[in-house]
Amino acid sequence: MHDLVVANGTVVSPEQGVFEADIGVDGDVVGAIAEAGSLDGERVVDAAGNHVFPGVVDPHVHHGLFRPLDDDARTESRSGLVGGVTTTGNIFRRGESYLEIMDDHVRTAEDNYRHDYFFTLGLLSHDHAAEVPEIVSELGITSFKWYMNYKLDVAEMFDLERNLLDDVADHFMSELADVEAPTTLAYHSENSEITGHLTEQLKSSGATGYDAVVDRFPGYAEAQSMVSGTNLARQHGYDDDFYVVHVSAEETANELATLQEMGYGVTAETCTHYLCLTREQCDDRHKINPPIRSERHQAALWDRLADGTIDVVGTDHIANREADKVGDDIWESMWGSPSSATMLPLVLSEGVHEGRLSLRRAAEVTSANAAKAYDLHPKKGAVRVGSDADLVVVDVDETRTVTPELLQSAADYSMYTGREVTGWPTHTLVRGAVAYERGDVLADPGHGTHIDRPIGV
Amino acid sequence: MHDLVVANGTVVSPEQGVFEADIGVDGDVVGAIAEAGSLDGERVVDAAGNHVFPGVVDPHVHHGLFRPLDDDARTESRSGLVGGVTTTGNIFRRGESYLEIMDDHVRTAEDNYRHDYFFTLGLLSHDHAAEVPEIVSELGITSFKWYMNYKLDVAEMFDLERNLLDDVADHFMSELADVEAPTTLAYHSENSEITGHLTEQLKSSGATGYDAVVDRFPGYAEAQSMVSGTNLARQHGYDDDFYVVHVSAEETANELATLQEMGYGVTAETCTHYLCLTREQCDDRHKINPPIRSERHQAALWDRLADGTIDVVGTDHIANREADKVGDDIWESMWGSPSSATMLPLVLSEGVHEGRLSLRRAAEVTSANAAKAYDLHPKKGAVRVGSDADLVVVDVDETRTVTPELLQSAADYSMYTGREVTGWPTHTLVRGAVAYERGDVLADPGHGTHIDRPIGV
Amino acid sequence: MHDLVVANGTVVSPEQGVFEADIGVDGDVVGAIAEAGSLDGERVVDAAGNHVFPGVVDPHVHHGLFRPLDDDARTESRSGLVGGVTTTGNIFRRGESYLEIMDDHVRTAEDNYRHDYFFTLGLLSHDHAAEVPEIVSELGITSFKWYMNYKLDVAEMFDLERNLLDDVADHFMSELADVEAPTTLAYHSENSEITGHLTEQLKSSGATGYDAVVDRFPGYAEAQSMVSGTNLARQHGYDDDFYVVHVSAEETANELATLQEMGYGVTAETCTHYLCLTREQCDDRHKINPPIRSERHQAALWDRLADGTIDVVGTDHIANREADKVGDDIWESMWGSPSSATMLPLVLSEGVHEGRLSLRRAAEVTSANAAKAYDLHPKKGAVRVGSDADLVVVDVDETRTVTPELLQSAADYSMYTGREVTGWPTHTLVRGAVAYERGDVLADPGHGTHIDRPIGV
Amino acid sequence: MHDLVVANGTVVSPEQGVFEADIGVDGDVVGAIAEAGSLDGERVVDAAGNHVFPGVVDPHVHHGLFRPLDDDARTESRSGLVGGVTTTGNIFRRGESYLEIMDDHVRTAEDNYRHDYFFTLGLLSHDHAAEVPEIVSELGITSFKWYMNYKLDVAEMFDLERNLLDDVADHFMSELADVEAPTTLAYHSENSEITGHLTEQLKSSGATGYDAVVDRFPGYAEAQSMVSGTNLARQHGYDDDFYVVHVSAEETANELATLQEMGYGVTAETCTHYLCLTREQCDDRHKINPPIRSERHQAALWDRLADGTIDVVGTDHIANREADKVGDDIWESMWGSPSSATMLPLVLSEGVHEGRLSLRRAAEVTSANAAKAYDLHPKKGAVRVGSDADLVVVDVDETRTVTPELLQSAADYSMYTGREVTGWPTHTLVRGAVAYERGDVLADPGHGTHIDRPIGV
C-alpha cells in the first residue's frame, strides 16, 4: 500500500521513453513503478488516458527581483504548479556578501515556496568570487550567474566599487574550476559595450515600439559574446560546466553548434517566448532581454532544440503587473514577463503537436536536462525509484485559451493571452503531494524546500 | 504479490544508472521496480549486497556451425546462463533459401534453447538478397550478415554459382534500405583479397605458431575493409544501420572514430578476447579470425569502448572440443572458441575493476547497446516495467578461477582457463524464470524462445 | 639576343598571376622573363594582345592502345599541339615485364612524339609490383596506374595468372611507399563488381542507347571505390601521392572533399567531357568510362574544380575513327574518344568565359597541377627561368567551330563537333621550338622527348 | 642593358622556389629575370654564391612613437636596410582626425624614409571609425589597428571622451566591411580587463623582474581575446581580412589553428623575439608586450609558423636608448625594443639553419605573406617582372655577432647583443637602388616613398 499511486498513465521518461505504468509514491519519493493497474495506494490519482511527465524544472526564473521574495515565492510557485513546474532555479543577485545574506533569503523562501527551488547566485564582484568555495560548501548552492549584460552597470546598480569586467569573471572562473563539487556557471550572452552604444543611438534617434528593443540587441552581439565568454571558460578548462542562458538568435545557435563540434562541452538554454512568438506579435508587454526576434530565428531555435545543440528550455519568468510593466513608451516599460506556467503546455502545443519534438524529447528539455545541468539529477528530472516524486499528469490533448486567471500568477497579464494552447496538467505532484489538481493549487506556502547541492543521491 | 521478486539488490540500469531497488516479476516481464524491501513475491531471489544487471545480450555467437544446432542450442545456452547471458544473436548461414529452411531451424531452436535468441542470417547470394523483404515480413528476422571474409570462398563453401562480390552486397543493401522495418547489417571487416594472398605466402614460407594467424590478418586490412564496406552502406543511406562486428585492431577503431566524426551512424562491436588477451598469451586454442593482437591494440579498444566509438561487446562464441580444435599445427587447428559465459565476468573484472568502465557503461556494452543495435530494445536490454524480466544478479566481488567445468559449455577448454576473474552471476533470470542459480542451470531446453522482430513494444 | 622571344604577351603564371612580359627562350628553356618589348630574339613570336600560358600538360591520354604507339605518337601529339598541349602522360599497360619491354616503347615514342611525354604504367600483377623499384631507378618512370575497373578482367585481357585483386594493389602500394623518389599512383575509381553485375543485367534486359552506359556506372559505385582505394593508400601512408583520375560524379567529388577535410592528401582529376557535356548531348561517339552524366554532376564538378577539391583537368584521350568507334549499338561501340586538343580551349570557353574559373586557375588546372602531381614541376608547368620553354600563346577571344579537321587528330570525329568554342592557341612552343603556329603543326615527329623522373631541377 | 643587374645569385622566390638567375632592374622595377650570367647592366651587383630574397616587409614597427617621426624614419629605415628591410608598416596612432593630420605625417615620412613604407592607423574612437571610408579613398591607407590592449586607456592616453570599448570596434568593423577596396584590420590580442587587474595585483604584491612582465600577460588572456576579437570580425563577415599581430603564446596559436579549421580566414603574425628568445634570457631591455615566454611557447610558434597557422613574421620594432628604456625597476622600464634589422638574419639563423623552415618558407614569412596581408602584393613581396625591385642579396652562411653598431639604429642596444647570427645581407635594393652594401647604408632620407593602396598592379 503506497501513500499515493498515479495510476494507469502513460509514463514519459526522459531516459526510458514512453510506457504504461502505475507510479507508487512513498513519502517524498517514487517508491515503485509497476504494471498499470497493479498498485494500491492510500490515494489514487487517475492518469488513465493521460501522460505522466517528470516535474518541470524551470531553471531560469527571477523571484524576488521586482517584488519581495516571499511574495514571489508564494504566488509564482502557485502559478508554476498550474503548468507542472515542480522546481525552479531562481537567478538571484545582490551586491552584498552572499555568505551573510543567504540564510535569511533561504529562510524566507523556505516559508513561502509551494514547490522546490534552488538559487543561482549572480557573481558581481571580486568579493563574490572569493566567496564561491564557501557558498558551495556552506550554503549548498553550486550554481552561479555571469551577467555579461550588466558588465558596465553593476557598480551603479549595486553600489559596488568596480564594474563587472572580465577580471572578475576570470577570478570566479578560477574559483569555480578549483571547487571539487560539480558546479554550474550560467551566462547571459550580450556584448553590452555594443548594445549600450546602440541603445544610446536608438534613444537619441527617437526610435520606439518593439523594433527599438529588437534593434538594441542584435543577434550577432549575442553570438559574439557567447563565443567570447565560453572561450574564457575553455581557457579555465571549465567549458563543460558552462551554461548559456536564453539563446534567442540563430547566430548564437549556429556558433554553439560549431563550438560543440570543436569539443566544447557547453550547454545551452532557450526560452519558450523565443520558440513561440515572433517580433510581429510583440508589444510592450513582451519587452524582454534578449528580445523576441523574427521567424528565421524561431525556426533555427526549434531545429537546434531538436538536434541537441540546445538542450534546455527555461522561461526567464518575472512577475509584474501590466500597469507597472507597460510604461509611457517602450523605453519606460519594464523588463521581463511571467511564463513559467505556460512552459510545458507551449512545448507540447508548439513542439510536440507541431511535430518538432517527440514526447520524450519534450521531457528531456523541460525537466531532465535542466536537472542535469544544475546537478539536481536524478533527485529531480527522473522517473526512477528513489527519485523525488515530482510528477505531472498531463492531458496532452486538452486545449485551453490562455488567460491570466488560468495561470494564477501575481501577474495580471501573459505574453500569450488569448492563445489556444493544447496540453495541460491535470495534476502536479511535488515530492509526493498533490500540489495542483484540475485548476486548484493545493500546496501551501512552505511545502517547497531548498535543494541542497551536491545532492546526496 | 508478484510471481517473483529480486529483492534488495543494487540495480545497474543502462539508462538510469545505479540505485537500490526490488524488482518484481509478473509472468515474463518486469511488473514493478520498487523501493528495496517493499515487494512481495511468490518467490524471492535475494540480491542483497549484489548488483542486478539487465540480462547479457551476446549478439555474436555461432550455434549450429560445427555442431548440430540442437546440440549447440542446448549446451551453449546452458553455458551462457552461467555467465548471465539471456539472449544470443546467432549468426547463421546456409547456402539454401532461408524462406525454405528457417522454419525448421527455428523449430529446432525453439525446442532446445534455454534462453532467448534471434538469428542474423548470412546473405551469400543474389537469391538471398532477393529474399530479404520476405524474411523480414514472414520470419521476424531483421538482421543480416555480410561476410566480407568469405568474399572469394562462398561459391565453394556453399556450392553457389558465384562468389560474394560487391554486386551481391549492393543488391542486399538496396533491399535493406527499402525495407520499412528497422533492420541491421552486421559486417565482418576483412580485405580477404589481401589476407588470402598473405595466407598463401605464409603457408608457403612455412610460418607457424600464433604469429602465423596474426600475420595473416593485419590490422590495416581490417581497417580498410571497414571503411570500404561502411562507405558502400553510406552510398545507400544505410550507414545508421550498419554494424561492424569484432573490431580487433587499433587502426579500425581509429578509422571508426573518424567516420563517426564525419557523421556516419555506424555501430561497432569488439569481443572479450580482444580486450582481455594479447597475442603473447595465445596458442592454437585461441585461433580465431580476426586474431588476438598486441598490447597497443588492446589498450586502444578499451579506450574506444569507454569513449563510445565502440558500443557493443560480443564473443564470436563457437563451441568445439580441444581435441578437435587443436590440430597438428596452427594451420590445421579449427577457427573459433567458446566464450559467451565469460563475457560479463571479464568485462567486470578487466573493465570495471581495472577502472576502465563504470558499472553503468558495463551494462550498456553487455546488454542495452546490442539490444538497440539489433532492434530488441526495450523488450531486451532494459530494466523497465513491461520489459522482459531478463536479469542477472551479480556478485561483482566474487573471484573464481576459470575452468571448462565452471562454464558448462560443450567445449572442454576455455581461452581463459586458469585465469582469476572477479564478478560472477549468482542468478540468471530469463523472462521471469530463474534459469541459473549459484552453479546450477535450471532452465530446461525449450525455455528460450525466438524474438520476433520488429518487436511490438 | 635570345634564340626566340615571345613578345608583348600577357603571361598567365600559375604561381605569379597575370602580368605583361616578354619571354626569352634560350635553347630548350626559358632564358628570361622581362619587361614587355625589351627582349631581342633571333626569332620573335608576337603575342601582343594575347595571353601566354604554360604549355598544357594532359596527364591522361592513351596512346598506343587501339592503334600502334608510333602512329598515335605522331598523329595525336600533332593534334595536341593544336590545343596547346606540350606534355602528355600516356597511361600505358602491358601484361609483360616493363623492364623488358619499355626500352622498345620509349624508343618508338622517342622517334614519333612531337611534344614531350611521360609514361604512367598500369600495374597488373605481382610481377609488375615487384618491378616498381627498378622501373623507377632504371627507366625514369615514376607514375603508375591502378585499374580498379579491370579488377576482374586482367587475367583474361592480358593473359595473366590472376586477376587484379587488392593483394596486388597492396603489394605495389607497399613497394611505392618504400621507394625514396617521389612517385604517383593514378587510380580509376570503379567498383567493378557492382558495375559488372549491372552490365549483365542491362545487357540481358535489352537496354540500349547512351542511358545504358550511364546506368552501368552509377556515381555511387565510383564514389565508394574512390573511398575504398584511397583508404588503402592511407593505410600505407601513401595518400599524399594518390591521384584519382577522371572524377565524373558529384558523389565522388563530395566524398573527396570529406576525405581532404579529414587530412587525406589525395589529388583528383576530372576531364573536359564531364565539365562540358551532359548525357542528353551524348550518343555512341561519346561512349566512355566513366560516362558523361547529368547536369547536377557537371555543376558539382565545376564547383569542386574552382574550390580546389579537384585540382587537375585531363582528357582520357583515345584516337579512334568514327567508323570503328560507333558499332551496331551502344554495346558494340568502342570505348574512348579524342579530346586533348580541345582541353585548353574548352576550359577557357566554358570555365573562364562563363565566370567559373579565373585565368590563373585555368593555368593551374591545365598545366601546373598536373605537373606537380606527376613530379614534373618546375621543369614543366611553370613559367620560370630555367623551366622548359613550353608555352602557349592564346587568343582567348577567338571563337572557332570544332571540326575534326581543325583538331588534326587521326580521329575523324570529335565529341564537340559543331560547338563554338572561344579561346584558341596561336602558337605552341615545345622546349623553345615553335611546334604549332596558326593552324600549322611545325614540329616533326621526334621533336618530343621522354621526361626522365625524378627531374633534375 | 639594364640599369642594374643582380647577377648570378640563387633567387629565393616565395612563389616559385629556389633557382639560379640574374635579375635585371629598370628604374624602380624588376625588368627581367634571366639565365644567370646573361644580363648586362649599367651596374652589376655580384650575387654569385649568395641568395637573392624579396625585400623584407616588416609589417609591424612603431616609428614616431617615442621619438619624432622624422628621426625614426631616418634612423630606423637606415637600420632596417642593414637587415634587408625594404618596406615597413608603421602602426601609428593619434587621437586626432587622421584626415586632418596624416598629410603632414606623410610629408614628414616622405622626406625621411630611406625605404618604402605604409601606415596602419590605430582606430581609437567613433570619429576615427567614421573616417575609415575617406581615409581609404583619400589617403591611400587601407590598414588599421584595433588596440585591444588599450581598451580602457585610450580616453586618458589620447584625451578622448570614451574608451575603446567594443562599440567602437563594432563601428569601425562595419565601416571596413562596407569599403570596397581591400582593407586589413590588425588586432592586438589582450584581454586588458584581466591583465589590468593582474597588473594591479602584481604591483601591490611587490613583484619585480622579468617574471612580473610575463605574469601580467598570461597566454590564455591573449588567446581568449584573439578568439573574441576574431569572432566579432566573423560576425561582420570580415574574418578574411582580420590580422592578429604578435602572437606570443602557444594557447593563441592553438586557438588560431582551431578557428582556421572552422573556416575563419584570419591571418596571424608572430615576432622574432618570441621565436628566438625565452624568458630566462630576458631582462628589462626585453620589456615588451606581449612578453617573451617559456620554451614551450617558442617551440609551438615555430611549429605553427612552419605549418601555416601563423603566416607572417614581424618585429614590433621601437627605437629607444638603453638609458631611457631601462628604468629603476621593471615597472619603470619602457615598452618595446628595436629589432627590424635582425628579423631576416634571425629567421635564417634560427629558422632555416636549424631546420625549422625551408628557404622558400623564410621568404614567404618575411616578405610575401605580409605583402599579401596588407594588400601590397605583387608590387611588394614578389620577385616578378614589373614588381618593385626590392631585393636583398644574402650570404646565408655569414656569421656575425650582434652589436648595436652593426645594426645602425638610433637604439644603442639590441635584444640580441652578443648573439652569433648566421645569414646577413650583403646588399639591399629598394626600388632598384642599392640602398645598403656590405655595412654601408647608401640610401638617403627621402629615397623611400609611401605605398598608396589599393596598389595599381
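Note that the chains take the letters A, B, C and D in the order they are written out, and that residue 1 is the start of every chain.
By definition in this document, contacts are C-beta pairs under 8 Å (C-beta built on N, C-alpha and C of every residue); 3 or more make two chains touch, one makes a residue touch a chain.
These numbers were taken from a predicted model, which means no experiment stands behind them.
Peer 1: Quick one: how many steps at least from chain A to chain C, stepping chain to touching chain?
Peer 2: 2
Peer 1: Which chain maximises the distance between its CA centroid and that of chain A?
Peer 2: So the farthest one, by centre of C-alpha atoms, is C.
Peer 1: Chain B to chain D: how many Å between their CA centres?
Peer 2: For chain B versus chain D, the centre distance works out to 63 Å.
Peer 1: Return the distance between the CA-based centres of chain A and chain D, expressed in whole Å.
Peer 2: 50
Peer 1: Using CA atom averages as chain centres, what separation in Å is found between chain A and chain B?
Peer 2: Once rounded, the distance between the two centres reads 44 Å.
Peer 1: Two or more other chains in contact with one residue: find those residues in chain C.
Peer 2: Residues: none.
Peer 1: Mapping chain-to-chain touches, which pattern fits: line, ring, star, complete or other?
Peer 2: Here the contact pattern is a ring, one closed loop where every chain has two partners.
Peer 1: Quick check: in the complex, which residue numbers of chain C touch chain B?
Peer 2: Going by the criterion above, the answer is residues 152, 165-167, 170-171, 191, 193-194, 196-198, 220-221, 223-224, 227-228, 231-232, 234-236, 251, 255, 258, 262.
Peer 1: Could you pull out which chain B residues touch chain A in their complex?
Peer 2: 15-17, 19-21, 24, 26, 29, 31-35, 38-39, 378, 382, 384-386, 457
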